[in-house]
Amino acid sequence: KLRKGGDTETGNWLQELQTWPLWRAVLAEFLATLVFVFIGTMSAVDIVPLTDPAGKFVRIGLTFGLMIAVCIQMIGHVSGGHMNPAVSLAMAVAMEISPARAVLYTVAQCCGGMLGSLLLKGVTPGELNDNLGLTTINPDLNGGQAVACEIVFTFILVMSIFGCTDPSRALFGSPALGIGLTVSVLHFASIPFTGASMNPARSLASSVVSNNFDLHWKTPSFPETARQLMDSKD
Amino acid sequence: KLRKGGDTETGNWLQELQTWPLWRAVLAEFLATLVFVFIGTMSAVDIVPLTDPAGKFVRIGLTFGLMIAVCIQMIGHVSGGHMNPAVSLAMAVAMEISPARAVLYTVAQCCGGMLGSLLLKGVTPGELNDNLGLTTINPDLNGGQAVACEIVFTFILVMSIFGCTDPSRALFGSPALGIGLTVSVLHFASIPFTGASMNPARSLASSVVSNNFDLHWKTPSFPETARQLMDSKD
Amino acid sequence: KLRKGGDTETGNWLQELQTWPLWRAVLAEFLATLVFVFIGTMSAVDIVPLTDPAGKFVRIGLTFGLMIAVCIQMIGHVSGGHMNPAVSLAMAVAMEISPARAVLYTVAQCCGGMLGSLLLKGVTPGELNDNLGLTTINPDLNGGQAVACEIVFTFILVMSIFGCTDPSRALFGSPALGIGLTVSVLHFASIPFTGASMNPARSLASSVVSNNFDLHWKTPSFPETARQLMDSKD
Amino acid sequence: KLRKGGDTETGNWLQELQTWPLWRAVLAEFLATLVFVFIGTMSAVDIVPLTDPAGKFVRIGLTFGLMIAVCIQMIGHVSGGHMNPAVSLAMAVAMEISPARAVLYTVAQCCGGMLGSLLLKGVTPGELNDNLGLTTINPDLNGGQAVACEIVFTFILVMSIFGCTDPSRALFGSPALGIGLTVSVLHFASIPFTGASMNPARSLASSVVSNNFDLHWKTPSFPETARQLMDSKD
């Protein structure tokens, strides 16, 4: 089962902290997020000049999506295979894992992601070190549009994960491949819009290691976001 | 099962209208068509200039096809996962769902598709709002040729759906992936011919929101269609 | 089971000719080869100018391969889903189907393929009618090289089909997808070499309908083939 | 089972050498590596000029990865379907196969790979014979960076293989497809970095037959490697 999280039903979260399976799962998340960020963002580094964006989007989307599937194959039986704080949060909200576990996973994912990005920096020629697969939002989009996109993307991702891992449904093939292809399809469509974030650990890692926090993000207040969405529909 | 539709065997369609599962299924179709049209047509918006059509076709085809698979994973257990009035119609003709359900699905799909297209318009820079993934027929094709193409495409799609969901056959892997890849392969081949419609809800949504009903469609009468097909074979 | 073929064990081939399942299978092969050739070769018609061959190979390979998978999903339970005289011949040699069935399948496949190609001609603008997805051998290759390529390709295809359909082996996922992806991968590699024939029905159809039998094929005698292979290795 | 290796539990390796299944497995590895290298490196030969690297990476990655899946489908039940000395070594270390078997597999894989590459040379026009899918490291990378990359790639590949073939885990779909897609995703990301070796038999074959051992490999000593990695992170 991809949905497993120790003694959430007893509510005794502190007791779970003393068990070896929890820490093995945290270690697995750390390692899996490391290799996921390393391989995924490696596909987005323009080490050779690319001419056609469509081929680039297919390549990056397939790499991120299938890498998620590969990581779930590797560690799904240990930790559930989240590699994404948003997924861990969703699982905690759905009472599948305990809040303590979600916090530990998130820390492990962020650390693993940053180490993966650092490793990518180590193997990348120096002149490319300023853009290690950064999540960049299209400059033609304003903040409200980007927020709206990411809300829909994350909704689809979380819905698909629950659909793929629900043991009470008819089985729709491999859960690992199902979740991976969901990530791929969201990348295919959204890379030129918002850079296809959907994963705070991965975006944070690239930003910290590239030392670039300029997301072209004109952070809007909520009313402004609503107003911008209204405007753009006129 | 992907083929489920309430009390078609009792023939008591009106009674079905009073059940909660029907309306939950209608809501699921609405939501799934919304995200399907949003993500699918997003991949067809040229927000960055693309140079190579082949890569573009692969990207769009994979996005539409895998998005169908993702939506079936999400809501297949609730409504069957049609997202397409043509599929709902075929299922009604095959007596898998009741006519009333087919009508409600179609309405929900059209509304969801238009809202998805509207959402895409909201997150797209203004100068691109005239072409939000419109289904365009190649101007070198006449109406008869386009009609012939779409008949074959829809035939393949419906046959494949029945093949993937028939419980009496040997299982050919995941139904969701099977149907999704059918949609993908039809897109790969047909985008430069007829724009790969096959889905009235999706085409309607893009046309309404883009306010563009010019399908380069020189609507032919049936005899003219036959004549044109004969002519082009000489 | 994909391997089914009536009463081969009784050896009473003529009796099989009087059974309805045989003729239903022949009709299924006819129809499936028709749509396979129609969609597959449609992806190879350059109705819009393509700039990058790699994207084109991926598009064509995915279309042919996944279309095989789709057709197996549609008619695999009726006829086995060959769509290829080479496959029918291999199945007959392996005693899986009777020789009479193999002959009937081959005739149905050739007729279906030609009708599919004719249909493609009907929906293609006139100036493109000279090249409807023709199987063309790279002019830099001599006949011996092309023959050697096709022998290896067909060996891989037939071995993979037997591997995917052997009921005594551990199941490697969906047989339809396995065979389809085999066709895809052979296309990815071989399109610029020999045009990735591997299917007499499909090559015949394109040649007949395009009225083009010039395969750049300098048919060599066997000793000459051997000599050419030797030469090219020096 | 993909993990099978004869009498490792008895420790009587010499006795295994007299069994027919072992030699059949060695023969299967020889043949599978031959066709794997032939088809895989064929996709990397630039017989037609390619303009866009991204499409090229997708094509090569899909070819290598899916060809691994196809070969596992063909011979997985006979030999386990390694086609890679690194995999055989990992399996021997994990006590899944005997050391004698690993050595025989490695010899068979290297011979098969070289024959496959020789066959590719035979069917390739003469002016392309200097680069038959050589594994080339990006000249901007130093030796330490390339070694670090390959260590991570091989770690992911071996972890994924153990994950896909562990019978005690929940099944994540087809093992053949899982391993194949792992190879694909590593190629997508790493071709422009280190050429995506991960397979000594395949790299050796291309080098021997192309008579080109210049890997742009400025072989560093271990301290130098560590120093270079440190330097590049500053």
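In order of appearance the chains are A, B, C and D, and numbering begins at 1 in each one.
In this section, contacts are C-beta pairs under 8 Å (C-beta built on N, C-alpha and C of every residue); 3 or more make two chains touch, one makes a residue touch a chain.
Source: prediction; values computed, not measured.
Where chain B touches chain C, the two copies mostly use different residue numbers: shared numbers make up under half of all numbers in play.
In terms of C-beta pairs in contact, A-D outnumbers the other of A-C and A-D. Separation between the centroids of chain A and chain C, computed from CA atoms only, is 41 Å. Look at where the CA atoms of chain A average out and do the same for chain D: the two points lie 29 Å apart.
Touching of two or more other chains is recorded for residues 51-52, 54-55, 58, 173-174, 177 of chain A. Taken together, the touching pairs cover every possible pairing of the chains. Those residues of chain C that touch chain A in the complex are listed here as 51-52, 54-55. Chain D meets chain C in the complex at residues 1-2, 35, 38-40, 42-43, 47-52, 55-56, 58-59, 62-63, 66-67, 69-70, 72-77, 118-119, 121-126, 173-177.
Residues 51-55, 57-58, 61, 138, 140-141, 145-146, 148-149, 152, 155-156, 159-160, 163-164, 169-174, 177-178, 181-182, 184-186, 188-190, 192-193, 229, 232-233 of chain A are the ones that touch chain B when the two sit in their complex.
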